[in-house]
Amino acid sequence: MTEAFQPNLDFTAAEQVDAREAFVVDLDGYEGPLHVLLALARTQKVDLLKLSITRLAEQYLAFVHEARRRNFSLAADYLVMASWLAYLKSRLLLPRTEKGKGGEMPAEEMAAALAFRLQKLEAMRKAVEAITARPQLKRDVFARGDPQATVIVPSDRIDASLYELMAAYVTQRRREEQRHYNPGQRVEAFALEAARDWLREVLPRLEQWTSLEQVAPARRGEDGPTQASFTASTLSASLELVKEGAMDVKQAEAFAELYLKRRGRGRGRGQVLELVP
Amino acid sequence: MMGIQFAPDHGEIERRVEALLFAAAGPLSAAEIARRLPEGADVGGAISALRERYQGRGVELECVADRWQFRTAADLSFLMTEEREEPRRLSKAALETLAIIAYHQPCTRAEVESVRGVSLSRGTLDLLLEMGFVRLRGRRRSPGRPVTYGTADKFLEHFGLSNLYDLPGVQEMKAAGLLDLSIPVGFELPDPSRAPDGDDEPLLPGDEDAPEFAQDFVAED
Amino acid sequence: MMGIQFAPDHGEIERRVEALLFAAAGPLSAAEIARRLPEGADVGGAISALRERYQGRGVELECVADRWQFRTAADLSFLMTEEREEPRRLSKAALETLAIIAYHQPCTRAEVESVRGVSLSRGTLDLLLEMGFVRLRGRRRSPGRPVTYGTADKFLEHFGLSNLYDLPGVQEMKAAGLLDLSIPVGFELPDPSRAPDGDDEPLLPGDEDAPEFAQDFVAED
């Protein structure tokens, strides 16, 4: 805290700074609006307690403006913060005699509360710096390195945390579930042989181009193979028949409907994709 | 006189050798030590000085096969063996058993085994009972009248819970990243604080030793 | 005069404590050391004497998490290239979260989020829990009964802190009111990221968890 306090407040320097230039839009380093506000507040170069919230609001709005100008897509919280700060700023600029609406907190208190939050965040920032600057085990300081030399195992504490307990529990339950995993009924398929027989049966009647959907057997009831299986197996079987020279298949384009027709009379014309042996 | 001392003095070399020997995973030769020190450092002198410094202390600097190592004084070996057996970490099996008992209490040994999918070795439950984490709660009113287990006060104390209601729930498991956003189907967390105690018969004094397989023909159901 | 000396003198106790601490796999508490020594042995005195003896040496006696451990001197870290383990890098978010938990414990996830002004992303808290730096402490007696978090001993051990009092700047921050979690009444900063699940409610006056930060120190030894 004491580091943040500067006895000689250089207001002139702060006034000269154009917020738009002083703050380069770089969201990568910031977690959220509060972090941006803290970074902006530092550019004022004053103790956070003496922060000008009006000025901070202007800086922040300039930051948002700049981000938008550069087509940065700002997360919603940044925009909500912007509108809140704009509102706070306008209230701060109102003559004091003007009372806020019933029950609303005086603008000065809201400003003070914001300054408090920034101070708190800054204190935590400094705490991170102070903690990580300490000598860390296995990085800066080392305990006895020889594992075979350690005979005394501390016994008056048990290394089991609630987290480990939770983790152990969840692992168990997952494993239990996998053991009891029941894949359910085997999916029944429309057998290829059955599809071939079916096609041979209907083939004599396929004198016109008929769509695959119409050729494939229709599913009856809830039991048995699915409609997709009927369609897929019928297609496979039809390709075999094409290979045998018993029928033709055509499709206008990829993913378009497939048409089947027996080989022989009445062959259609036109530029179509045809499977001809 | 130089303002900055470029060559570390004897005392500093001794400190460094001391730290290196302490942190090393095994005995170090003088050459190995020298390699980590400024050129020309008097490693032999530092080792002699350290040897003398630790002479008669609880820890001594010993030479084994031309390598140097700190060892606890031989006459204190009697201190070192004691209590080695005491558990420091809960074994995986113990932790898992404890977790199931905590969330599913009162539950029987068979129920723990059914969740874990392996049979429980005798020592695991005994250990938890002995540590005071687990206690016998009663007997299940079901054939065989198996003993049911629950957690004891020491469990709450160790994990800093004021009561069973405070056990982390599904929300916390999710927050801790243990459960995916998609909770496995059928994952229900029992609420151990609302465990139906009526399900169980209280243990009678002296009942604890009764063999679990004893059939109770007067059982209600 | 007896041929056998039954009560070891100060020097002998110091030797034994030195040997025990050298041979230990982790930090030892005074109580653990005392258990291995004759009754009435002045463990505290021996520790102080050892601390002084090792002062400024290559190896020093440090107090971490209210326990004692020999560690190499911090200024010699440059020597330890072979022993060094590259620590898992914690993100800025994780470090901030750790600091907030350390200085405000016990505190809830919502409180961490409120200090940082952003919601905690998945993985941040899990990592800290998994690394053993943070532990679940209990539940806040407030609507929603949110789980509270605190630091674990491993945090203190890793950063070489003897206890939570030792956290850098903790006294000054406390004096400045910066460790107060209750933000001035009625102050609502817009926070769309916060889940509206009642976590947000201010703590009730006289919340029993509130003084826990202070209580912690008293309770932990």
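By letter and in written order, the chains are A, B and C; residue numbering begins at 1 in each of them.
By our rule, a contact is a pair of C-beta atoms (placed from the backbone, for glycine too) under 8 Å apart; a residue touches a chain by one contact, two chains touch by 3 or more.
Model, not experiment: these values are computed from the prediction.
Counted by C-beta pairs in contact, the busier of A-B and A-C is A-C.
Of all chains, the one whose mean C-alpha position sits at the greatest distance from that of chain A is B.
Averaging Cα coordinates per chain places chain B and chain C 18 Å apart. Chain centres here are Cα means. That of chain A falls 34 Å from that of chain C.
Residue positions of chain C with contacts to 2 or more other chains are 20, 22-23, 35-36, 70, 72-73, 80, 83, 129, 135-136. Those residues of chain A in touch with two or more other chains are numbered 142-145, 147, 149, 151-155, 157, 161-163, 166. For chain B in complex with chain A, the touching residues are 19, 22-26, 69-72, 79-81, 83-84, 86-90, 92, 95-96, 98-100, 102-103, 114-117, 131, 158-161, 168, 172-173, 176, 178-179, 184-187. Here chain C touches chain B in the complex through residues 14-20, 22-23, 35-36, 56-59, 70, 72-73, 76, 79-83, 109, 122-123, 125-126, 129, 135-139, 145, 147, going by the rule given at the top.
Residues of chain A touching chain B in their complex: 142-149, 151-155, 157-177, 179. Of all the residues in chain A, the ones that touch chain C in their complex are 1-2, 31-35, 76-77, 80-81, 83-84, 105, 109-110, 112-114, 116-117, 119-121, 123-128, 130-132, 134-145, 147, 149-157, 161-163, 166.
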